[in-house]
Amino acid sequence: MNSDLGWMAMTTLLAIPAGAALLLAGLPRYRLGARLNAGAALISLLASMTLFWTQPGANVYLRVDDFNIYLIVLNNLVSFTTSAFSAGYIAHELETGRLTPKHLRFYHAMYQALVFAMNLALLANNIGLLWVAIELATLVTVLMVGIYRTREALEAAWKYFILGSLGIALALFGTILVYLAAQPVMGQGLPAMAWDQLLTHAHAFDPALLNLAFIFLLLGYGTKAGLVPLHAWLPDAHAEGPTPISAVLSGLLLNVALYAVLRFKMLMNANPSALAPGPLMAGLGLLSLLFAGFMFYRRGDIKRLFAYSSIEHMGIMTFAFGMGGPLANFAGLLHMTMHSLTKSAIFFAVGYISQVKGTQRISTIHGLTATHPLLGWGLVAGVMAIAGMPPFGVFMSEFLVVSSTFAREPWLALPLVIGLLLGFGTLLWRLHGIAFGESQGANMPGPAPVTALPMMMHLILVLAAGFWLPGPLVAWFQSVAALLG
Amino acid sequence: MPLPLLLSLSMILLAIGLYAILASRRASCSRQIYGISLVICVILLGMALTHLLNAAAPVTLTLPLGLPWLGAHFRLDALSAFFLIVVNLGGAVASLFALGYGQHEPAPGRVLPFYPAFLADMNLVLLADDAFTFLFAWEFMSLSSWALVMAHHREPANARAGYLYLVMACLGTLALLLAFGLLAGANGGYDFATIRTVEMTPGLAALALILALIGTGSKAGLVPLHVWLPLAHPAAPSHVSALMSGVMTKVAVYGFIRIVFDLLGEPVAWWWGGLVLALGGITAVLGVLYALMQHDLKRLLAYHTVENIGIIFIGLGLALAFQSNQMYASAALALTAALFHVLNHSLFKSLLFMGTGAVLTATGERDMERLGGLIHPMPWTALAFLIGAAAISALPPLNGFVSEWLTFQAILLTPELPQWLLKFLAPAAGALLALSAALAAACFVKAFGITFLGRPRSPAAAKAQETDRYSLAALFSLAALCLLAGILPGLVVDGLSPAVGLLNGGAQLPAQQSQPWLTLVPVADVKSSYNGLLVLLFMALSGIFAAVSIHRFASNSVRRSPAWDCGFPNASPAAQYTAGSFAQPIRRVFGSVVFQAREHVTMPPPGDGRAAQFAVQLRDPVWDCGYAPLTAAIIKISTKLNYLQYLTIRQYLSLVFGALVLLLLGIALWR
Amino acid sequence: MHSLEFDIAHFLAGSMVVISLLLLYQDRLYALLKVFALHSLALTLAVGWQAYIQEAHHLYVTAGIALIFKAIVIPAALYRIVRRLGIHRTLEVVGGVGRDMLAGAALVALAILVMLPVTAGTDAVAREDLAFALAVVLLGLLLMVNRHNAVSLVIGFMSLENGLVLAAAGARGMPLAVEISVAFSVLIALIVIGIFLFRIRERFDSVDMQAMDAFRGERRR
Amino acid sequence: MALITGYLVQGGQMLLILLLAPLITGWVRTLKAQLLCRRGPSLLQPYRDLRKLLRKDVVLAGSASWLFRVAPYLIFAAIWVAAALVPTFASGLPFSWTADLIAIVALLGTARFFLALAGLDTGTSFGGIGASREMMIASLAEPAMLMMVFTLSLLAGTTELSAVAQFMLTADVGLRVSLALALLALVMVAIAENARIPVDNPATHLELTMVHEAMVLEYSGRHLALIELAASLKLLLYLSLLSCIFVPWGMTTAGEDLTAYLTGIAAYLAKLGLGGFLLALFETGIAKMRVFRVDQFLGAALMLGLLGALLLFVSRSL
């Protein structure tokens, strides 16, 4: 009975967004569309929450386990808050005439389609299905990034499209290789692509094939996760697309991609004679961290700035998972959660800021804490949170990563610390210019405090996590951390 | 069970910070916030005092917060009790001062929410008993003080100060993070109780020591990590400057003591002491020399904080050196000196910063070159400031002298040390200490003389008014404490001894109350003794004797007339000595070496009406050699890397391609 | 019975590698399109053969898609685009064709080298098929990287994807092979439409720095 | 009973030095004059000056504050107490443990601090010159003095002057290089601190060369008298410091009978006379140096002191 409820929840998670997407595609009135969008997201959020109480098992296509359950809830939570945020945001875009109602219809439909794709990717138990879902998510986001139809929006969309499809192609090759490795052991057919069964048999797979597969998967899904040197699409896509999409991209899609990589990392760990994926991931992570740290300094576009911050933090997570061990893995998982909450909150703030200032150029935004206290301090809080300052939750994960790393691999901790400090310094430099000093340029009235609720909620969640983590979450993290080795 | 109460009081402080966010627009809010802070600080102070004075056993408490599997550990022992006294004394007086001073705050909304939070964080740092809680509170402290520094964010200088401050704080935190990672080991035994038990190899222990030095030194202002301090402390409102300079740096010292003396346990190598000693000596002299070159009053005080931190670290270095040779009696003396100076500096530095705050509200000026003659309009502030200045210049019978005297006595015990390097280092440190003391006296003759004496150099200074009574109460309570600690040092030393014993394997100084006339006898009365009470008594007696007899038997009449000045009466106030000209001889003697001080005089030819120009140019050696190249390198690299933002898609594709081929080659050649 | 079937499969896969190398060799756009059609044709045959020897009938669908879509529709569409957009006919190659051929040969060698340690279960022939597929993928990537032209980029991507389909077909009883090939066809169609819609001309991919400054608020100091 | 006599002797010593101080100043002046083949004033001239000054009114500058009027008493008190704590004719007096040598140095520092402030108070340029130069000189003289203290205390194992004196009386001191260095350093510091030639000239009012006189330029009447008296007390202090450390012979210890005290006083007077004579000889012997040569002079003193201390630190371990 219980698990039936669970299956119901899972089907809802997939059916509601899909249905909503179709419905919204046919719905001309954008206000209603925005409401419907938020409503659908809310329903799927509730559905995902029921998974807390009901543990549906797994079949060859879908499954819910400790690893993806909280990601699913997080996914639907953020997509819900973002839809609420976008309702206010998009209305303003209409007033300024950057978008037309026709665009909005498309936008809302695509939004739900994206939610569907990400839910599917998280729920998938079948590596092929996982791949299909992520490809779908890519296509949808490409279309949304280009929605403004400006020259540079198309430019960004195109860049994203080409690099994204290449990544997908590589990921597919990796998936095929995994199947080829599994097929002699587990015979033909679907079971040989079901993740949980792969995991049980992974020890018998041919290590060489697994190695090859992992490299393709790492590069393929790593492109989606924005790891340097595969990151090139990420900053432009964040900067040129609508801000809600930037929030979803940074907060959720990157997580999904990293989630896929981790699934395969588990397979690698399960096979003793395969090469250890840790050093590879740690190296890529450090590279991304340092690179982003240097790139902050020169950024002139506020959204691109925070896009690079996403690269930095994906780097930190990848590094943590690469280090492995209970502490670092726990830290990585915690960091995933905290980062998606914080970063989306930051993008909410940034969206409003670019609206009230009428620009995204950092050099023309000053003294926000004086002119728009809510937005200004919200941004300051968000940046401090993302920079790993207490009392916010990111501090805990960075604490665990750095200290455990130094205890085990001092020479790896050194570049890590340098990168963290560098990123903090350069990001803070930008923040000072934005939040403090004499205000100048256009100052449209800020949004109503109500519309800042999503941002507030995220920040409060992160704040609470800094002080106290709920027991079940910790339990999940620890069991997954054990699986991740 | 005091610990829950302490914690809940800190929580209340945080809570009223939140309340201030909502209420800061109301005028009454400032009074409320500072009043509550005052009350809470006084309660905390009382509890810490009782715990220290009746040498209670440590109490611990664990809350289900922070790291899930660890929880938040808290502990109150003699050391933390002593530092709690320092912190909450400073906090209470600052709040009292702010009851008056806070009324002049232009942007209360940017001060009131963070002020109580700042106090709470400092208390939490002292109570924390596991690495996570410690660093959490530590960094939160940096964050709230950063917000206070940014209170007046419209001045670009303040913004720069805040930026530099937070980056350096982050550096320090990361260093401490590494240190704790080392101490806790790979499987993360983060609570201090576990850390105390682990045995470390000498190499790792040394690494931890150096990391702790970087981490706490960057917050305390140890040269060469001091660059942020003289910028950030003055930028904040004056009562906050008092807290940052007088109290927060002490929290940093606490962190060092806790990690090195308590967690690391016995110092394994003698050179630890040497390292800390040398750093302390250099810091002391450089700090005071920097201070002498300043004419911004608050910045001068901030640099003096650097100097005093150096003195404290000299004491700590000596203690380490003694401990590494199992000379615990001597180590006890050095530790007592260091802790005593911690208390003293928190007293007079807060006093001086608040006096400066009073001057600032009265005149709106921080630049000494535009002040002067303030002793006439504001005599009480002048008196309090004078006492503080005399105390920080280590003049008997005030408290500053006692702790430096104790430090000297500790240095006099160093010949027993077996290591040669220490034998050479100790007297050199003594010379540096003496030099810094003498220069400090010069510096505060300048600070007080130029600011309060002479004739006003600007209309603002001429129109000054005496400050309000809250501020005066705060100033004089501190001044009284300076005097008391100076004439009754024995009692303070006895109060410190539990903390010293905790850090020193139980060895303490002999109890001082039993001595006749409350004399201070650190080692043995044949060696050395000092009695502030009698010195004060004798001075008072002889001074009064002289005054009375002269006024009784000789003339006591007074005539007023213009100053004689070798026959140039009534020269304009511009003819007075300024801060710059007062420092000129010392600048000639020391500055030309340390700061490459250059003086440019452009004198117009006779008959030319134009004013002569005089310019002094100083260079900061630390910044020039350390920080400037670093920032230049970062900018250069980021410029180079920035081209990666502008590649073509084809080039991006080739990046991916290259990565793929590289990895394939990797696994092809893996075996 | 073993040998002949696998020899044919082997031959078809090998011929795809050869055609990929030919693709690298082309320096004229129309010729490139023609050779690519050939490439897809070879794929069709290979997949069809796999379908036959594996008795996996769904693979016939894949083969059909490959034939209709990749061997006929897309080349034709690209042909029209080239005409409509008037992209002039000769391609310049980054660092001459000769170097490309060398690089291609090296990539093939790499692909085989990587596949060598693969032993367990999969028999030698399948291993070499896989090596060929990998070689096709790498060569396609090389083609994408080394041409200053949107159309050749699409061609490169499609040849890469042909390699994927080859691998998928070679994997015995691989589920979802059809779905995947369909999904990919959608992808490619989108790319082609993209080129068509965005009117992206020759050297479309070089980013104009000044324009970037103006538009993105990026200042390059 | 012994305690009472002890207190009496202590009080006696305080009064004695107070009375002796002007005499020493006069003695040095007379000797200098006679070395320059002048007759010079009588030995008692300083007393007369003091009496005259005490009778005159105080003329205060308009810009002088309360500090200006309090300072002379503070300075006088600090220096008198400091001087009274230096053993003169008897060591181990009841209050000798009140302050050790470091504290005495610091007490002089207190006096200097307030003198410099007084110089700044009237807001005249000369006061400023004097104050800033005085502090510059002190910033080098004080460390040199403390280095000397280190040397002594390392030898004697104490910073208590009485104990040092008693230690010097014992045989096992021997002749030590460090002691010679310390003596040299102390002499140089004493010259600088008492504003004697070559550092400063107590008799000049040449504006650009004067240091001490510039600070007290605005003082008059009883205030000036107090400061003059304090200055001569300071001279006496240094002389008796030198004598009790380096030539402690003839000094008695507390609790002896009257004859011992008398012999002690006699020896003390002899030492003072000799010291004054040497000082006069020295001062007439050399010329005053430029202000910015002083730092080299005192830097040399500091180095000597440090060298002495280092030598001892090393020799301790041999």
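Chains here go by letter, A, B, C and D, matching the order in which they are written, and residues are numbered from 1 within each.
Quick note on the criterion: a residue touches a chain if its C-beta (ideal position, glycine included) is under 8 Å from a C-beta of that chain, and two chains touch if they have at least 3 such contacts.
Remember, predicted model here, so these are calculated numbers, not experimental data.
A.B. asks: Would you identify the chain whose Cα-based centre sits farthest away from the centre of chain A?
C.D. replies: Taking each chain's C-alpha mean as its centre, the farthest from chain A is D.
A.B. asks: Out of A-B and B-D, which chain pair has the most contact pairs?
C.D. replies: Spelling it out, more C-beta pairs touch across B-D than across the other pair.
A.B. asks: What is the distance, in whole Å, between the centres of chain A and chain B, each centre taken as the mean of its C-alpha atoms?
C.D. replies: That pair's centroid distance is 44 Å.
A.B. asks: Centroid from C-alpha atoms only, then distance chain B to chain D, rounded to Å. What do you get?
C.D. replies: 35
A.B. asks: So the centre of each chain is just the mean of its C-alpha atoms; given that, what is the distance between chain B and chain C in Å?
C.D. replies: 68
A.B. asks: Which whole number of Å gives the spacing of the CA centres of chain C and chain D?
C.D. replies: Their C-alpha centroids are separated by 99 Å.
A.B. asks: Two or more other chains touching the same residue: where does that happen in chain A?
C.D. replies: 158, 162, 166, 208, 212, 298
A.B. asks: Can you pull out the residues of chain B that are in contact with at least two other chains?
C.D. replies: As it turns out, chain B has residues touching two or more other chains at 639, 642, 645, 647, 649, 653, 656, 660, 664, 667.
A.B. asks: Do you know which chain D residues sit against two or more other chains?
C.D. replies: none
A.B. asks: Spell out all pairs of chains that touch, sorted by label.
C.D. replies: Contact pairs between chains: A-B, A-C, B-C, B-D.
A.B. asks: Using the touch rule from the top, collect the residues of chain A that touch chain C in their complex.
C.D. replies: Interface residues on the chain A side: 126, 128-129, 131-132, 135, 139, 150-152, 154-155, 158, 161-162, 165-166, 168-169, 172-173, 176-177, 179-180, 183-185, 187-190, 192-193, 205-206, 208-209, 212, 236, 239-240, 298-301, 304, 359-363.
A.B. asks: Chain A touches which residues of chain B in the complex?
C.D. replies: Those residues of chain B that touch chain A are 64-69, 109, 131-132, 135-137, 139-140, 143, 150, 153-154, 156, 159, 162-163, 166-167, 170-171, 174, 177-178, 180-182, 184-188, 190, 634-635, 637-639, 641-642, 644-645, 647, 649, 652-653, 655-656, 658-660, 663-664, 667, 670.
A.B. asks: Taking the touch rule as given, give the residues of chain C at its contact with chain B in the complex, in rising order.
C.D. replies: Of all residues in chain C, those touching chain B are 94, 107, 110, 113-114, 117, 138, 141-142, 144-145, 147-148, 153, 205-207, 209, 212, 218, 220-221.
A.B. asks: List the residues on chain C that touch chain A in their complex, please.
C.D. replies: Contact set of chain C toward chain A: 114-115, 117-122, 126, 130, 133-134, 137, 141, 144, 153, 157, 160-161, 163-164, 167-168, 171-176, 179-180, 183-184, 186-187, 190-191, 194, 198, 200, 204, 207, 211-212, 215-221.
A.B. asks: Write out the stretch or stretches of chain B touching chain D in their complex.
C.D. replies: Where chain B meets chain D, its residues are 372-373, 375-376, 379, 382, 386, 390, 393-396, 401, 405, 408-409, 411-412, 414-415, 418, 420, 423-424, 426-428, 430-431, 434-435, 437-439, 441-442, 444-446, 448-450, 453-455, 519, 525-531, 534-535, 538-540, 542-543, 546-547, 550, 554-566, 568, 571, 573, 575-577, 581-586, 588-589.
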